[in-house]
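Chain nomenclature is as follows: A, B and C, assigned in order of appearance, with residue numbering initiated at 1 for each chain independently.
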C-alpha cells in the first residue's frame, strides 16, 4: 500500500493528513480544508471579523450568533460542567474563548467528511491532536508522544486500537500557557507539564487532556475514574504516570 | 401493636439514630485531620539545590504549592499513607513510596475486594519508569502527538520530518 | 343434651383459685414483656440499619440531588435487607417466639413484611442506578451495563431476580396453582437469593467496608438469621427425632376419613408437650417422606406413647392413613399457644367442631380444672363428626364440668356457627357459656366456622386476650 501525506496550514498550526490505501480526490481534500477554514472563520479570536471576536467586542450577542457558534458554546458548557469547571471556555478577563474545543470539533468534522467518502485508513494530525481510522499494512497506526523537554525526541509510542482512535496532548511547552488553569488548590504539589489522553473521540480527548493538565493529579484520578479514557502524564520533574491501558504501550519499543 | 412496645421502640430508635449521626460526624472530622497530616508529611518538591556548581540562579524559593509544610533541604524518602477515599466500589486508601523526593510507587491499601477487583475498578494513572528517550526513526511511528505547535514551529518539528519521509 | 359427671370433692384440688389466678397473671405479664422486647428488637434492627449509614458519614456525602438519590439508594438497601433477615428469623420457628406469639402470628408478620422488603430492594437498585447515572453524566442503561460487568453486582441482580420469583409465587393467586411442596421449594430459593446478595454488600460501597464495626454487626445479623434456621429447623429436629426414636405403632380409623396414629418412642414426656400443642411430622416412607404435616396431639404424650389424629385432606394426608406400623417418624416442635399456660381468665369456654376436637381433647386432658370451671360445646354436622367426643366426658379433669353437644347442619343461607336446631331454640354464645366475659374462649375447627364463633364472641364483648384460636392453615 502506498502512503500519501497531505499537509496544509490552518488555525495557526499545520495539519498533516496521511492515507494508507485509497487516496481521496482533490475535491475531498479541498472539502476537508474548507471545513477547517470555516471553523477558523467563525471562532478565531485572532481574526477581527470572526463571530467570536465580534461577540468579544460586544458587536454581536451570543443569542444572535449562528447555530454553529451556539452549538459549540453549548458543548463547551457541557464539558465545563462535566469537569466541574476545570475545563473552562472563558478567559480570566471574561472573554469567551472556545479555542479549547474548536480545534477538536474541526478535526471531528473533517473525520466525518472522510468517513462519508469512504476513506478506510488515515491519520489526521492537527497541531499534535490526532484522529485515526483503520490500519496500515495490517498493523495499527503508531503514534509517538513528544518529550516535552526535547521536542525532537519521543517519550514513547503507542498503537492506536479501535475504538480508542483519538489522541490529544495538552502541554505548556510550545505555545505557552493558553490553558486557563483553575486556581491551584493546596494539594497540587505536583503540576503537569504535558498530558496525553487517548479516547474514542477527539473532542473528549482534547477537553480531558486540557482538564487534567489544568487540574493536576487529583483531577487526573477523578477523570480516569469517571471517563472511559486512558491518559499519560508528564509532571514538571519529568516523572511519568500512565493509566493501565497505556502502561504496556508506554513501556515498550525499540525497533 | 401494644402502646408500650411502640413507644419503647420509637425512643430506642431515636437513640440509635443519634449515636449513628454522632459517629458519622466524628468520622468526618478525623478524616480531615488525617488528610492534613498526609499532606504535611509528603515531600516538598522543589527546593533541593542541585549539586552543579555552575548554577548561579538565585536561591531557590519554595513554590507556592509547597508552602504548606516546612522547607527542607534534603529530599525525603519513605512511605506515606493517604486518606481513605469513598468510591462506589468501597473505600480506597493509598500508600505512596517516595524515593529521594520522587514518587516511585503507589499501592492501593484498603480495597474491599481482592486484587483482581482493584484492576477492574482502578483506571488511575500510576507512575512508570522513564525509558531512554527515543528517536522517531527507531520507534517507527507514523504520527506524533504533542502540545500544539505553530505553523512556524512545525517546520522544525518531528512531525514535518515524518511527513516528508512519508511522501 | 348435657352430660353431667359426679363432682369431685373440693379437697381433692390442690390449688386455690387465688393462687392459680396469681400464677396466670405473672405468666401473662412475663409473656407481654417478652413480646414487647421482641417487637422493639425488630424496630431497633431497622433503626440500626439506617444508623450504619449515618455512622459511616453518609449525611456528609449528600451534596446535590445526585448524591441524595444515591444515599437514599444505599439506605433502602440496608433497611430492605434488614427486613428480609427479620423475615428469616420469623420463619425459623424459634421456640421463644412461638411461646410468646405463636407460629401463626409470626408467619403472619413474615408474610406482611414481604411486600415492603421487596419494594425497598427494588428502590435500592433503581435509586442507585439513577443516582450514579446523574453524577456520571451518563444514563441508566449505561450504568446498568457497567454494574453487570462486576461479578458481585451480577450476583446481586441474580439474587433480586430470585426474590421476585419467590414473591410472585407466594401471591395467593399464583400459589394455588402449585402443590404445597412445589411452592415451598421455590420459596426456599429465597435463602439462596439472600446469600447471593452478600458479596456485593461487602464489596460495593463503604458502609460495610472491611475493618469496620458495621461489617461485624451486619455479618452477625446473617449468622443470627441463618443460624436460627439451621438450629431450629434442622439441627434440633434431627437431634430430637434421633433421641426419641419415634415410630408408628398403629393406625386407627376413627371415623370416615379420619385416622389416629399411635406413636411409640423413648422419653416422649421429655418433649414437654403441653395439651393443645401440635408438632410438624414427617413420616419416612417412600410416598410420604417429602411432606411435612402440622398435626395436633390428640392426647398428651406419656413416656412411651403419643397419639395424633388427622383428617384426610388431600393426596398427602391420605397417604398418612396408609402409613404402616414401624415407619420412622421425625418431629419438629412441639409448638403452639393453644395451651392452658396461656390462660388469663378464671373460667374456661371451649368450642370444637370436627377435627378441631384434636387439640381440644389434649388441652382438656392437661388442664387442672376445678368443677364448674369449664363449659365445653362440641359441634358436628352429623354423627360421623363425633369422634373422640366420648373421650371428653371420660377425662378426669372434666369431672363437675359441663359438656354440650350440638349436632346438625346449620340453617341454609345463614352465617352462623350453630346448628339450625340450636338456633331455633334461641341458643346464643352467651347462653351457651354462662360466664363468657370471665372466661378464656378456646376455639378450634374449620376456618370459616371458627371465624363465625369469634365474631359472636367479640360482639358479646369478649377481649382479644381471652380469645384463643387454633388455626391449621398457617
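As a working rule, a contact is a pair of C-beta atoms (placed from the backbone, for glycine too) under 8 Å apart; a residue touches a chain by one contact, two chains touch by 3 or more.
Keep in mind it's a predicted model, so treat the numbers as computed, not measured.
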| Reference subunit C; chain at largest CA-centroid distance | A
| message | If I rank B-C and A-B by number of C-beta contact pairs, which comes first? | response | A-B
| request: Return the distance between the CA-based centres of subunit A and subunit C, expressed in whole Å. | output: 69
| note | dist(centroid_CA(subunit B), centroid_CA(subunit C)) in Å evaluates to 58
| remark: Distance in whole angstrom between the CA centres of subunit A and subunit B is 24
| query | Residues of subunit B touching 2+ other chains? | reply | 87
| query | For the complex, which residues does subunit B have touching subunit C? | reply | 1-2, 4-6, 8-10, 12-14, 16-17, 19-21, 23-25, 27-28, 31, 84, 86-91, 110, 112-113, 117, 120
| request: Quick one: which bits of subunit A touch subunit B in the complex? Just the residue numbers, please. | output: 3-5, 7, 9, 12-14, 16, 18, 103, 123, 125, 127-130, 136, 141-148, 150-157, 167-175, 184, 186-191, 194, 196, 220-221, 224-225, 228, 230-233, 237-245, 247, 250-251, 253-255
| Inside the complex, what are the residues of subunit B that reach subunit A? | 39, 42, 44-45, 64-66, 68, 87, 102-103, 119, 122-131, 133-136, 138-151, 153-154, 157-160, 162-163, 166-167
| So in the complex, which bits of subunit C are touching subunit B? | 32, 35-36, 39-40, 42-44, 46-48, 50-61, 132, 149-150, 152, 202-206, 209-211
